[in-house]
């Protein structure tokens, strides 16, 4: 039985983190503003940096900055510097402590055929291996992002057109990715062959009046924000190329059974997004219902851990008939850091993001519903807080299976050794967290809630590697130890 | 029938705004850190600036800054510069566009008897009149805050002790206020004679081991944050003086029937706070129930306008039996400004703070529940957004009576002419906002929900001037036009 | 014999420092721009902060900032916020480590009769004593500047007009000061009764075409910068009041023999300024000639310590017939701080501001000419540097008498114990500094160079207290120890 | 006759500008601090950005920043992040308005053989041509500097060792350059085959006690600053490689007659530097003497335009016997910008950097001595200022021949059409500038002053292309118009 790794950082939220959101627009009035609004809707997919590249028909223009979308595009001068009816944008979640501005996407490069800007959500599993080969060939890397590997592969490709070079490059990489790219005369969207990461297509009023405008985005909530109409999901392995001649679909990869990331349903996606034609919010409620069916408990209140636990808790309450109450209040004013806790303060077990609603909890048997347990630190503190507010019993219900494995497909997860479920049984976890009982939704229940008959162990419908350890894409780089030489570059700001 | 004043500022939230939160601690280890944590819990009462003054037994120390609590006290050097076991802190909501650092509280002044720091939540209704007299006497004003009037009145008082001088000053002012003050050897808390603004007392482990520590705060949620125990509300007109000899209560004013601000229940206070012994969250749910009883409607869904409308919507749903659903998603990543909207963008009717959950709303008859309508701008946009997401009917239910009058007691409200309810009937408002029906809770219903038999028109239990126009404290300054001479100072940064 | 106090701060220049420069303009087009240009010309009198207050006929406007004039007024928006044809400006040299923005002048206050802005160069010798009395009376101090004492004295004066109140205030203060003040309808200039600090009057094209424009400034170089014509020095004890009716001179003090600060000639004033009708540059050359006459030495080169030692070195070279050479090069790119010196670095005796011109110095007998020795730190390092560059002999000649006493009249000087000349004979100083010989100009020689027959010990023509200890203005505050209570305020940013 | 192009930018100094300074150190304690001090001594060669890369034996470390050296390395944390006994540093003068951080040198790249950092002073005349070829090959450029061409050429070289790759790269470039490079185990210095740009070698105490430390720097003044001993100039076309085995000299280029930049003597170098074994200061004085011999004039005063005109003016005064006086005072407090001049202000002809010393100039016949005339803007204003201060005659003497051609070898010069001497005769220039007479030193006089018998027109001893148009290195890029495609990158911050 291993202790949860109690972090001293008060705002730590003990979640997996999506690593990026992308958007691209074509033939749209005020393309930069529309892109910024779309990025705002995708802000939950990355808050550390943001960038937009536009093309005005003649030239590219760009703005990148650290921090939130709203903070970067509120200046009229910045927006005036981003003319054009075509643009791509990117929100970045950085896994390293210090975000370097040169790593902020979209990346841009000059080629013989013109410029190319690329924004990328996901992770290449052979990026390091490719990078070593490219450096050996004389390629100079300027960022530490996987995405730059794409750009070099395109640069050195012997094919003539951008699309052919892009396909040439894509055939050399493995991994999970959605990407948007902008050339002098084309907007391109790509989804990896298994479709692990999401990418959708929408239609919007065209800037030129005659032709439609197009929007590519990580999630449909970005379409709602900008008044675009949902058309369809980009298919796994599909390349969409949009230019003056219209929209084309290319499928250069051998078809494979899709493996969409199941965690998008559980936590990453915004509840008002549609994925694979389904409402994320409704899916979360259904998972809550399954959870209540599988692990019922006698209680006075169903209390969500806000905000991500709310839909599952609503489903749980509806299924169980036990009242749903806001027994925990979320503080909306949180930042990145707070006072360095002294021992005195640490002893308080302060929760900066959540407060117990004592009047509701006192003397009650409480079922807490949350979406996942990663390190267990937050869960432990919240159970303690709820108990401290007078709850007689605290039962914890989790709307995902235990997260026992790390993700290598574009999600920031702790190394496996830090995952509470990787080292402990459910009973041990309950004890460590201090809950009177603990239950996770089963893998079968999860698949049922998503409308599948169950999980086919030979060929599951989703990528569920974080629960099952069944990694559908080879972990090339992961096989060998990361070599140090090339990481020297990371030192340089 | 007058149009709502549609504001171009995308983040405008069309709410009344609390003007400040205060806290004071005595005999507490790490007083500055405890004060900062308490201010964090009170962040909803003011986000524009924050300040802490500590006393280490010999000297005062201070830090003030613009922005959020978390952003101002995360630096270990700042905290190291705030030693001592006594402190007061203040969160400021500024009504003017530019917040001047010199207006940030606590204010501090050197007197013959030593230093005095003052933090103040509320508004003096004769501040301007007093200020003119003080200037005539030779007093120099350095800030444009009401609070400085207190300080000058204390400075020129002929009494000998701080407490006597404070009482002398308080007897000259009219208004609604809670204040905390720190002298070289005393922590003082004051609540105005009618108790319009809240102030509560809590107990905490004493730094010296032998005596208890004390906490004064605007709301009880600050006590929960710092692990303090709720003792009682400070009474209207009460002065609490805490020093080495212990805690004393003084009541220098003629007793009056209290008139606590009813809007604290409706919107201002955090739902996990207790006011007058009651849970704010529970009160909001009861108001929602009253609203459902008074203005029922056949519908498919009850949808709150998040987050402030949630408890009332839950009460409404419980009473009506109609399902409660999160049909509107709140975007947590909002800032102060965003892109300057072009006509194109404005036409989108973009809602940066809220998104419609289209899958839930489509084809449904929806009851939206919100806490209040001020200018009507937000309500109009939200109704339009919900309808745009496919709702067949949109009914709006408001958990307060119509806000027909401005507040002069420490709340930032638009001038009366901009209040939608001041100029339109409920039917007209429904039409302007575009709702299929609109209803407000009645004044009687509101009082019932708060556990009162009803509203005694001769002597109501609350200050409800924003609904009734019945102002319990004379509006001295308001009678005469604000003179320009003294406001020159406001120009100077 | 006491060691020079070798400072680790590499940019330390071991000089006395002027504490401020002031300017005021009346009836001038673009008053703020003209004021900024004048402040730029007066930048040598204070580099830590700067402020301008203008009046546009109706309202006051202000801008204050830390740092240089050029850095604060280059923004067109800042200048647009300073309309009007009347203005006063101030450059501040702060003696304390941290310059607080609220101490930056001009100070501004609202009075019964309107607003008043005040900028002040100098020091009140009874400021502390007055401040205590004012606090006892109930006055609240917001800055730690002497100048605020003026403002309170004006505020509480029982006289009716601004001028009468100002005179009332001036009669209560003792000290050395030049001040400029701006009211709603008047520009005022004042020089202290002994005329210790300088203030001059100039004429410029009037904004209204009909009447002349006026400029008051600390030095005539500010007039040259803005194209104004020198009119005359403001006389000691004179008040000049400029309004729509024209310019008036008031002399409310009993006449005294003037005691202008002799150090303005030696170091403070810019060489292109005129003081008392004489060129500062020519005076410095004459002092150099006297020095050569009094303390000749056989040598190969006369080398100035740039830039302040240059004119005296030129005079010395002319008188002695020995060639003048730039044997020390000044580095123009110096800031406030540099790398923290390690022992290794400190051992280098690095001179960031000066470099030896080795090719010129090698094998030569060198006379170094500098204007003063304060702590001796710079002199020691420079002599060592010149010797290290190969000079065979290094003789030091100083164009002022030994500085044996601190200044209390507006100049930042070390406390007496740190003045090398206060603790050592000239021979000891030579040994400590490492010079082969050392000589100072005599007091008689100094007076002769300034066109005086000599120094009348009973009634000297200048304030030369830093050389003689003969303080012409009572040091009221200095008599008693500075009390701590009131300085608490200084803690608060 | 063409008008001088009067610039509205008040601080414009109408000079040619050196484009960079470099330094490298090996086996030196506190290598980063020593490098920073050396860069401080070289600050006159570039003030817009600065960078240091160190190697601690295992890893590289870097810091880059905009602005002055002193501002970038004063933070102890920054210095602590730069450990090691080897380092290179760079000061950048940027020719474009906005300095991009990614253009700040040293550049760094990861290669197969390890890391390489490069700092570069000069200009490649075929950089653009090479860049096009490299892009065609698939190389991605991340900066807009010439220096990146070096790095790519090294990356793609088929040779095995760094030195061989470097030589391979150098053989492909043409231009004037000095460069320092740091690899995992070597410090390298290179001077271009003609030795147009300077680079010198010095020795310093070794960090390891056993072996000497080495310093490479653009000028010898950097050696004096850090206590290093001058060893020799790096020879034209020489590569110096320093590693654990000691110091080696390679000369891979066919020997050519050197063509050192004569303008280093006239203006660029610091007067205390030694170039080709001669004192720059003494050379400037000798040029002044030649100028006086060639173009004498009856006058009362010789007045330098400070600071660069001072040595030549001293030589002129000594030769002519006319007194040398500081008739113009330089203002040391100048920044990059100042108030936007209104017409009113512009009309003043304000000189922010220089003031006339009216008392000295009034009624006099004045000879102004300056080092060069570029656009003529400053000369015109200074002559006007001196005349405005009362000078009866103003004669201008210039210590360089007329600058009739642009430089393409690492100096920032206006395009030829903006050079006053390219479009006007000396008589016309005198008229335009408003001088009573104007004379330049002759080419022959200049060569004589530098110790040469005269100028051999077939094979001059110096690069004097800016005076003669005789460009010793082919201007490859200059032949064809700069293509736009690749410059797109420049848009992206």
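Points worth noting:
For clarity, chains are labelled A, B, C and D in written order, and residue numbers in each chain start from 1.
The criterion applied here is as follows: a contact is a pair of C-beta atoms (placed from the backbone, for glycine too) under 8 Å apart; a residue touches a chain by one contact, two chains touch by 3 or more.
What you see is a predicted model; the values in this text were computed from it and never measured.
The set of chains touching chain A and also touching chain D is empty. Number of steps on the shortest path from chain A to chain C, with steps defined by chain touch: 2.
Across B-C and C-D, it is C-D that has more C-beta pairs touching.
Set against the C-alpha centre of chain A, every other chain centre is closer than that of C. The distance from the centre of chain B to the centre of chain D, each centre being the mean of the chain's C-alpha atoms, comes to 62 Å.
Rounded to a whole number, the gap between the C-alpha centres of chain C and chain D is 36 angstrom.
Each chain gets a centre from the mean of its Cα atoms; for chain B and chain C, those two points are 50 Å apart. Chain contacts: chain C has no residue touching two or more partner chains. If touching chains are joined by edges, the resulting network of the protein chains shown is one closed cycle, each chain touching exactly two neighbours. Within the complex formed with chain C, the chain B residues making contact are 53, 59-64, 101-102, 108-112, 114-115, 135-142, 151-152, 155-157, 485-486, 488-489, 491-493. Of all the residues in chain C, the ones that touch chain D in their complex are 29-30, 33-34, 36-37, 40-41, 43-44, 47, 68-71, 73-74, 76, 79, 221, 224-227, 270-272, 274, 278-279, 281-282, 307, 310-311, 314, 324-326, 329-342, 344-345, 348, 350, 352, 355-360, 389.
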